[in-house]
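Okay, so chain A shows up in both of these, paired with chain B first and chain C after.
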Partner chain A sequence: METTNTTIRSHCVGTTAVVYASDYLNKLTGERIERECRRQLDSGCRALVIDFSDTELVNSIGVSILLGIIDVAERNGAEVVFSDVNNQTRALFDMLGLTRLVAVANDENEALTNLSVKQPPPVIN
Partner chain B sequence: MDQSNQQLIHTFGALADLGQEVANTGDFNDMVQTSMHLLLGTLALRRGAVVECGAADSLDCVAVWGLEKSALEALRICEEEKASLVDTNLRSLLLKNGSENGFVSRYRETLVASGIELIIPMVVRSQLTGFVLLGEKATGADFTAEDFETIRAMTRHIGVGIHTHRLLEQVAQRAEENRRLYEELRGIYRDTVRAFAAAIDIKDKYTQGHSERVGKYSEIIAREMGWSEDEVEGIQIAGYLHDVGKLVVDRDIINAPYHINAKQSSELSRHPSAGYEILAPIRHPYADIPLMAKYHHERLDGRGYPDGLVDEQIPLGAKIVSLADSFDAMTTDRPYRRRRSFEDVVQDLRQNSGKQFDCTVVRAFARAMLKEVTGETKERRIVKMLGKGYLDGEKVPTLLTDLIADMERAKRPVDQEEQQTAGA
Partner chain C sequence: MNGSSSKEGVRRVLGSVKRHEFVGRSTELERVVAQASDKYNGRGLLLLMEPAAGVSELLRQAYDEIFNQHSHVVPIYFAFTRNETTAVAAAIEFLNSFLQQYIAHRRNDPELCHLALTLQDLLELAPPDDFDWIRQLVEAYERQRFSKDDKALVRFCLGAPQRIPESFGRPFVMLDGAQLAEQLNGSVSLGTEILHVFDRANVAYVLAGLRRQILQSAYNAKLDFETLDLLRLEQLSVAEARLLVEQLGQRQHVAVSEEAKDLLVQQFGCSAFFITTFFQAAREKRTGLISYLDCERLYIDELLGGRIQNYFADLLEEMAPSNDLRLALVRLLWESIAGDQRVASFEACRRRLHIQADEMETILQQLHIYEFVNWDGSLVEFADGPQAWKDYLKTRYRLNLMNEPRALVVAEALADALKRAPHTMARHYRQVAKYELRDLISLFDCQSIPSVLLNYAEFSKRWKGARLEEIMSGMGAETERLSLPQVVNVASAASFNSDLRQVCDERRCLVAHAFDSGFYADAREIVWLVAEVDSKTEVPTELAELWCDRLDRLAITAGFRRHQVWLVSSEGFNEEAAETLARRGAFFSCRQQLDLLSDRLGSTPAPAVRPLDDANEFLVVVPMGEDNELLAANTVEQIARRLNFRPEAINQIKTAVVEACINASEHSFSPDRKIYQRFRLESDRLVVTISSRGVVPTNIGGNVAQNESTEPADVSEERRGWGLKLIRTLMDEVEFERVDEGTRLKMTKYLRNSST
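Coming up: the complex of A and B.
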């Protein structure tokens, strides 16, 4: 089921949460995404896909908040994948080294497929 | 676009945002946290904190990202260490290189264990405001000379932002202290004036409490007329002091238990001018108090004293005090007569409006009384001053309603009479 955190859309596929970044990733929207990611991790998600299909621009605060999300995910043993990042933002992420910390998929489906290959099947008792 | 240009554009954007942020006078912690995010995001640093020099040797963590705040809680710095860091002039101190500064060497291990690589002292006007602590770059690469310049510029901005915020807080605090002191002074002034009013009334054994009541009636009328709180306070003071000139009038004349003769009357008529002379040299916190005392016996028809002014020449405040004064005189017992019935008083106000009293002022006073009588206002100050039963009559609301209607109709009866006379 898809939920929204004010203006942040998200949904879960198994233990993976897909969170959609807004058109301009700045302080306001960055904080909302961070809250949503934390909420998903707290509720047991083991992977996060942050989808940038709507995102045109990411500013410095947005970068800092994304690094914070990566940090929190790492501490929770969760993986982060960015998907559908436009060329300009991709170049920024490359330059700043974010793409050394997370995988980047062409779209949400590719991100989910890659994650499902990596993630072990759930344990059945 | 090559990477150096892209980095430059990204940094410029962050600097522009930072300039706007540090000028933000809103929430202090939010300003520092956002500023720190801007710095971290510019170079993609994974963790950072801003600590501010607090009281004595304490350092307060005002923003943190990517590390535990508790790791910074034990930080302390002495005055000598602060002084030695002022000389660094915002130069970044790389923890891996070590430092001769006692503060840096003391906490080096703890900070490195928390993921901090750089300490940048924030120096504003040759004073250490605090530190920016920064962790590693997301690329894992070493800091470049350009990075250090960016960090230095942004740290300077953050330092100035913190310094300015604290200055504004101090200014606001002092302004608040001044406001409280001013309020206290006004309170002392009001109490002194009330004590003085009581002293004036003691001289006249038949009119005890008169000045206090005139002050209160004046205040009620002014408020009903929509005056500002400051003006209302001012006219209340004027009411308290309107008879201060009686201090120079012979006590026997004031206390004469019968109608006074012409000579005594002339002596008594000196009191408004004498009051003005007493009050004029005092620097009152409200305007025109001496004039309200001087002209409270003037009449609209020019038959008042001391100057025989007419309508527009009389300050509105003096007209208010005049009505309050006459109303209290009519509604209190005197040595030679009992107080008049309310019906009689209303009739007097009606007859003398436009001659002695200003219609607008009478109307406002009648409205204030009606509000109390009908329960529209909870506070029944006029009712209390007039004593139990005086305004309880069934006719009272009608008397007041009719008086208000008459005052609304009666616009300058003196002029109308004059016109009628001229026409005849």
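Coming up: the complex of A and C.
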């Protein structure tokens, strides 16, 4: 089921949450994404896909918030994958070192596929 | 001939020369004449003169011009002279001159200004319409004269111009030599009284005199500076002084060679007073001024027994009336100038002269207004003064205190002057032929220059032997750039350490106090120590190191916390010297680099807030916050497309603009909460300037990017410092520019490699 946190779209695929970044990733939208990611992690998600298919511009505050999200996910033992990042944003992420911390997939499906390979199957009691 | 008509049809009334012979000062003359107009009615003009700059002829020319207009403005010119000994005598003389000049103006008869007339004579010469008020004035004066109230009499005389009936004319009073008015004996301070009377009289007036004296009198009289205009009168320019020399040569029938003309201009420091005085002497002695020897021989004659001697002797006599005191004063002055002790306490000076404190104060006050010393109330700094002053003191010292034979003193003074002449001219020609280092440094003003201009080794490797056009074009494409500081004060290094006088011309070794990026903060304060090293070939290592050591020592002694050495040499520096200098972090340039630098600094002044230049410039103002940086980003995107930037480059520019706007919003404490964006399209680049008002923390901009006193509150705060890093990475050139309030970030993106 897809939910929205104000203007943040997200949905879950198994234990993976897919969160959609908006067209401009700044302080305001970044904090909304962060809140949504925390909410998903608190709900038991084990992985996060942040999808940038709508994102045209990212500023440095947005990037610093993304780093905060990566920190939080790491503390929760969850993996983060970025998907559908355009070239300019990718260059920016490279420049600021984000791509050393997260995997980047071409699109959401690729991100989910990669995560399902890596993630161990759920334990059935 | 006074009162005669010149070729231009302007009668000479008080002027010593015809209008077309009056050299320089045309702007000042216009300004003084304008003061007589209705526009300035009731306002005073203080004419602040540098010592020996000459002001009398300027006022006399202004007088003639106004007189010849024959309008309702009645010009009155009065020069205080050393002939008057009391304020009362000077005031009575003023009254007499006033009436004489008034009647001359009313009768349109310039000759009347030059006759010796009593008040009774003037009454008889008064036009019938004026007779009654002048008679009343004379009668009132006679009554006042015997009232035994000096102050009232002085005020009465000075106030006489106000008594002109309105329908007969409006007085315009020009007073010359205000410093002499202060030196008159008696119970009345005439200078202050003059200002009191004219300030309250609603009469336009000019008070001319030594700048320090006039300002002091104005403060003493508690004048409202809002109602006063100030005009500063400095020495003539070199070109004007040379023209004066030429004209004096013709007028005084003194043959002068071209070399002598240049020497006299330099030797007298462009002083109209000294040059004019010198030519009067040449005429009297029928001496041609062809060789340096002709000039210096006459100079020494004048110095030891002519007009120059009289001028300085009169000054010293006013300061120290008794012979013993005068000699002690000469000793104090010369020994201080010749020795290393340029600064002394008031008490030390007083003890050396064996006089009371009030007497010492009077002497120092006089020396101060003539700018022979700088006295702040406690410390006395002995200034150089004009060359003639130093020569006068030295010869007096040797003759009167050391009792050396006159013949010896004369011979050696002449020899010294002759030996000095070529050096004086060499210094001048060097300045004319080239840049003035001080001016060049003053132009720094946070401008960005190719770094190679301050690195001779690199410059030599890449450009040595290349054509000038090629080099200049290459400079334009240089991407490795250096942001110069904003220089706030430049002084001779010898002012910090007098030993340096022995090794370098004062103008060629400078200390420049500056701020990186124009931010006035401790961390940005830097002192540039700049020296021109004399060498006919590339400077060798030993000499380069010697200069580096000298300047480093100066920095330590003077307590400069951060300094930058910059050595300049005509032919550059040899390879080893260059390596040494680079290792020591010094900048080093050759003459050609300086020429290029001069060209760049002169042609690209630091941008100030200015209107849009043309159709290629856009100004956008957005309120801070509310994602308004996106508006700027979208605007710059449209503009960048016009230059055919690649989409990636456009995105980089947009991101940089966004970051700059965020910076402006977060850091500026802006009072108007607005971001000013200027986008300028040039043929090969886009220049974006983002500015905002407000005080900016010191950790913004420049290379010293961290504020040591504030640690980031947490990791995310630390991460928030990425904006500038991003901007620097995304754009080709980034520089912070100084503005008094706030900051301005200028970013440039070049089209090269960016176009499709």
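Throughout what follows, the second predicted complex is superposed on the first by the 125 of 125 C-alpha atoms of A that agree within 3 Å, B and C clash if a C-alpha of one lies under 4 Å from a C-alpha of the other, contacts with A are read in each partner's own complex, and residues count from 1 in each chain.
The criterion applied here is as follows: a contact is a pair of C-beta atoms (placed from the backbone, for glycine too) under 8 Å apart; a residue touches a chain by one contact, two chains touch by 3 or more.
Just so it is clear, the structure is predicted and the values come from calculations on it, not from any experiment.
Taken together through their common chain A, the two structures put chain B and chain C in a clash. By the touch criterion stated above, A:Asn59 is placed in contact with chain B and with chain C alike. Once chain A of one complex is fitted onto chain A of the other, the partner contacts of A:Asn87 are limited to chain C, with no touch recorded for chain B. In the overlay built on the shared chain, the residue A:Leu28 is in contact with chain C alone; chain B does not reach it.
By the touch criterion defined above, A:Leu98 reaches chain B but does not reach chain C.
Remark: of the candidate stretches 93-101, 147-155 or 165-173 in chain B, the one overlapping chain C after superposition on chain A is 147-155.
Counting contacts as defined above, chain A residues 59-61, 63-65, 67-68, 71, 91-92, 95-96 meet chain B in one complex and chain C in the other. Chain B makes touch with chain A in their complex at residues 1, 3, 6-7, 10, 13-14, 17, 34, 37-47, 65-66, 137-141. Across the complex, chain A meets chain C through its residues 24, 26, 28, 57-61, 63-65, 67-68, 71, 87-88, 91-92, 95-96. For chain A in complex with chain B, the residues that touch the partner chain are 27, 59-65, 67-68, 71, 91-92, 95-98, 100-101. Of all residues in chain C, those touching chain A in their complex are 627, 629-630, 633, 647-648, 651-652, 654-655, 658-659, 662, 715-716, 719-720, 722-723, 726, 729.
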